[in-house]
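Look for subunit A in each of the two complexes below; its partner is subunit B in the first and subunit C in the second.
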Partner chain A sequence: MTRVAVTLNVMRNAFRAGLADYRAIFTWKSWLAGWYLRVIAQVAFFALIGERLEDDEKTMYLLVGNSIMIAAVVGVFSLNMTTSERGAGTLPLLVASPSSPVVVFSARGAYLAVDGALSALAALAVAGPMFGVSLPWPDVLAVVPLTGLVAVASYCFGTFLAGLVFRFRSVNNLVVVTTHVSLMAACGVNVPLSFYPEPLEWLSRLLPLTNGLLGIRGVFGGADPTTILGDAALEAAVAVAWMTVALATFNRLAARGRRDGSLEFAS
Partner chain B sequence: MPDAVEVEDVTRVFEPRKKKDERVVALDEVSLTIPEGEIHGLLGPNGAGKTTLVKILSTVLLPTSGRARVCGHDVVEETKAVRPLIGIVFGGERGLYWRLTGRQNLEYWGALYRLPPAAVRERTRTLLERVGLADRADQRVEQYSRGMKQRLHLARGLIGDAKVLFLDEPTTGMDPIAGREFRTLIGELKGEGRTILLATHDMVEAETVCDRVTLIDRGKIIATESPRSLGHVISRFQRVDVEGAPEPVLGRIAALEGVSAVTRTEDGGARIEVSEEGATAEVLRRLVDAGVTSVRTSLPSLEEVYVQLIGERGLEV
Partner chain C sequence: MRAFAAGFRLQLRIIRSDPDYFMPLVPVPLFAVAFLAIIEHAGRRDLAEYALMAPVLIALWALSLSASGEIVQGDRWSGTLEPGVASPSSFPAVVLGRVFAVTSVALFAFVEVWIVGRLLFGIPIEIHHPTAFVLTVLASSAAMAGTATIMAALFVLARSARTFQNSLSYPFYVLGGVLVPVSLLPDWLEPLSAGVFLSWSAGLLRDTLQPDAIRDVPLRLGVILGLGVLGFAAGQLLLHRILRRVRTSGELAAA
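Take a look at the complex of A and B:
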């Protein structure tokens, strides 16, 4: 097998293992009753604020922003990977295997991107009509790949963060929550980017969600396809950039774990 | 041909991460060689440095100083060469994906060991049969018993066809039957020419399967010998079993310098334990002078050697 074929085989098996793991956690029933209801409740909560303000535009803004936010929320959960591997006692085994842990991680949690995109789209499909938001057909189809891009970019960002928390298991949950809240605050979910000072607006553009969400709002607002494609390209670039940073830093962080002895064996 | 494992003056110091922590010397200039095909036991109490040494050899921890090689490859500089050659097997419940089936676990690790898909499937099938899990292969690991998990651990360690296996207390918590089955499997691996480093507390395990054992305590190697000849290392700790010795004679022997204990046995005999060089000769002379002729001397078992060299602290595991 060539080096590329070997790497792809590692990623394929890592994805399969991740998917099997996920399917052991969720059945269709538990996904609908345990997860999807929570998603609808979260989106409805923010949309209701728009309703209380009796402003259809704000309702639309909050509903779309918070629906797509779900894709980012689930994608960023990928940063739990190192902690769950550590908890299972498999992290040192991964490090000691002939495959790079970051290659494994890049695929092992990829189901999160699929789950995130599906959850976000399902939220939009159900909560939209609930709040009288019309989904323009067939333009709304463009929202599907854009949401997928947001989920993938968030997953890549989460994988980068997984490297950062590699040695600091205790702060994992704090980083997850802080990331979710920061993305919600800074990426134009509830507040337009123009609300913030220009430097912060540019900083937001480097984060996942921002550009993809702008593109999706553009679809709903009937924006020029070139503008939407530009936003999509930026979201894709953000995804590639964060995965590149993850690849570049992860092995170095694992090497630091080898030095300071933070890669504990099972006990 | 290089030795399978070469450890040369390896020291590992853990510097304190917090002010209240202390600097820990986990390994102190440890040297050890394990020839190819040997089952080598690493015996010592908790905190002796066994796991630290295994971690260094399996490339997940760097030594502070010294060198270690596996099959001739440096574990610090040549990790890419070392990793495909080694397998790591833990004891206990961790190290497996519980929500996956046994087969899924093995196929996943097989891919990570860069085996082609067809080879992964074939080796998974063979290993599952070998460790007696073929009938439960498609059951989730969370439904496995402890012994089954341990056998799956071993299969996982072998999925990459490891030349050198590091077993870190692999039979911890297993019942005696499962432990015996596991030891049989380890013996079979030796027959295939694999080298095994077995870190354990279990004396029976070490005595049964190991070609040589190394006693380690507080990061230092105390002795390396075959389990049977290790008793000679501490030949001063002999024991003398006697029959028909009168009580006054035993009383006088108990008072001798170098005699650590005299105990009556259930069959009416007595066991005299000697803890100083030369004391055995004096004990034997006193017994013969008293007309006692049913006398037998023997060297201590591995467990007794362990206790004598490492101390009672070693039993607190």
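Take a look at the complex of A and C:
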């Protein structure tokens, strides 16, 4: 087998293991009654603020922002991959194996990007009509790939962060929660980017949700297709950049932990 | 009462040695920024008390959820559940004391939102009815501890406690009127909302920040406490059933 074929084989098996994990966590009933109910409630929680403000435009802004936010929330859950491996007792085996840890982790958690995009779109499809937000057909179809991009970019960002916190298991949950709320506060989910100081606006452009969400708002607002494509290209660039940084740092950080004995293999 | 106090003291020691318990307090300022930004952008400073109290209630709920999720399950994993159950003290009372200790940590959230409101947005928290405010906070903490006892029991049965924890956040924030009044919910949801103590706590807490006289304070405090007692009774019943089941099935280790 060539090196590429071996890597692809590792990725395929890791992805299948990830799917098996997912099936162990959720049945379709617990997904609908547990996870999906929470997703709808999260979107409704923010959309209701628009209702409270008696402003239909605000309701739409909050509803769209927080629906797409779900894709980012789930994507960033890739941060939990190292924790779950540690909990399952498989982390030492993974670190000791000749395969690259980042290839295994990124492939194993790839289902999160799919789940994130589907959850976000399902939230938009149900919560939209609930709050009287019209989803213009067939323009709304353009939202599907854009949401997918947001989910992938968030997942790449989460994989990068997973490398950073790999050696510091006690802060893992803290980083997940803080990342979620930071994305919500800084990426134009609830208020336009212009509300914040300009440096923060630029910084948020480097985060995985901002550009894709701008593109999606552009679709609903009837923006010029080139503007939407520009936002999509920026979102894709952000995804590639975070995955590149993850690939460049993850294995090095894991190797350093292995050398100095700072990796904790049990939860 | 002694079992409750012992549980409270034990949990305070655990909290001191494990900074993870303070984790739900970390996103509180960010939630406050996100909510205040919405209000400020809409030019509706009159709704500031909603944006300021919501992160506090969210922290209270999140802390209790995380604690209740860990307490019984953690005892089970560490092997301390068996001696705890075998001891003559009431096990649910110990759990209640431990959850109460965790919920008291949520009080730090008030300090956090006060700082964010004051320093970042120039919005001070003015408590116009301090007695009612303190009583509401105490009653809400007690109700949270009672409600969390149900969850402590359910987490033992749940297939994946973390997933279960995740799912119990926003649905209760909506039903509890944490950020918007429950009157905005569809009519069919309002009776459900009345059964969630958060909806009473949120309304009363916001009222304490308004200069107008507050109506029916004793009644509303009574409902919060009553719902907490109901939660504790249900949690106690569930815990007894679960413990009987694991004793009968031999899942409770003997050595």
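Remarks
One rule holds in what follows: the second predicted complex is superposed on the first by the 262 of 267 C-alpha atoms of A that agree within 3 Å, B and C clash if a C-alpha of one lies under 4 Å from a C-alpha of the other, contacts with A are read in each partner's own complex, and residues count from 1 in each chain.
Keep in mind that, in the parts below, a residue touches a chain if its C-beta (ideal position, glycine included) is under 8 Å from a C-beta of that chain, and two chains touch if they have at least 3 such contacts.
Please read these numbers as outputs of a predicted model, since none were measured by experiment.
Shared-chain residue A:A17: touches subunit B; no touch with subunit C. Applying the stated contact rule after C-alpha superposition, one finds that A:I25 touches each of subunit B and subunit C. In the overlay built on the shared chain, the residue A:M69 is in contact with neither subunit B nor subunit C. When the two complexes are overlaid on their common chain A, residue A:S99 makes contact with subunit B while staying clear of subunit C.
Once the two complexes are overlaid on the shared chain, A:A44 sits against subunit C while remaining clear of subunit B. Touch criterion not met for A:L247: it reaches neither subunit B nor subunit C. Common to the subunit B and subunit C interfaces on subunit A are residues 24-25. Note for the complex: subunit C touches subunit A at residues 19-20, 23-24, 26-27, 30-31, 33-34, 37-38, 40-42, 44, 47, 50, 159-160, 163-164, 166-171, 173-174, 178-181, 184-185. Those residues of subunit A lying in contact with subunit B across their complex are 1, 6, 9-10, 12-14, 16-17, 20-21, 24-25, 88-90, 92-99, 104, 257-261, 263, 265-267.
On subunit A, the positions that touch subunit C within their shared complex are 24-26, 30, 34-35, 37-38, 41-42, 44-45, 48-49, 51-53, 55, 58, 62, 170, 173-174, 177-178, 180-182, 184-185, 189-192, 195-196.
Put simply, subunit B touches subunit A in their complex at residues 12, 14, 17, 51, 54-55, 58-62, 80, 83-84, 86, 88, 90-101, 104, 107-114, 116-117, 120, 140, 156, 160, 168.
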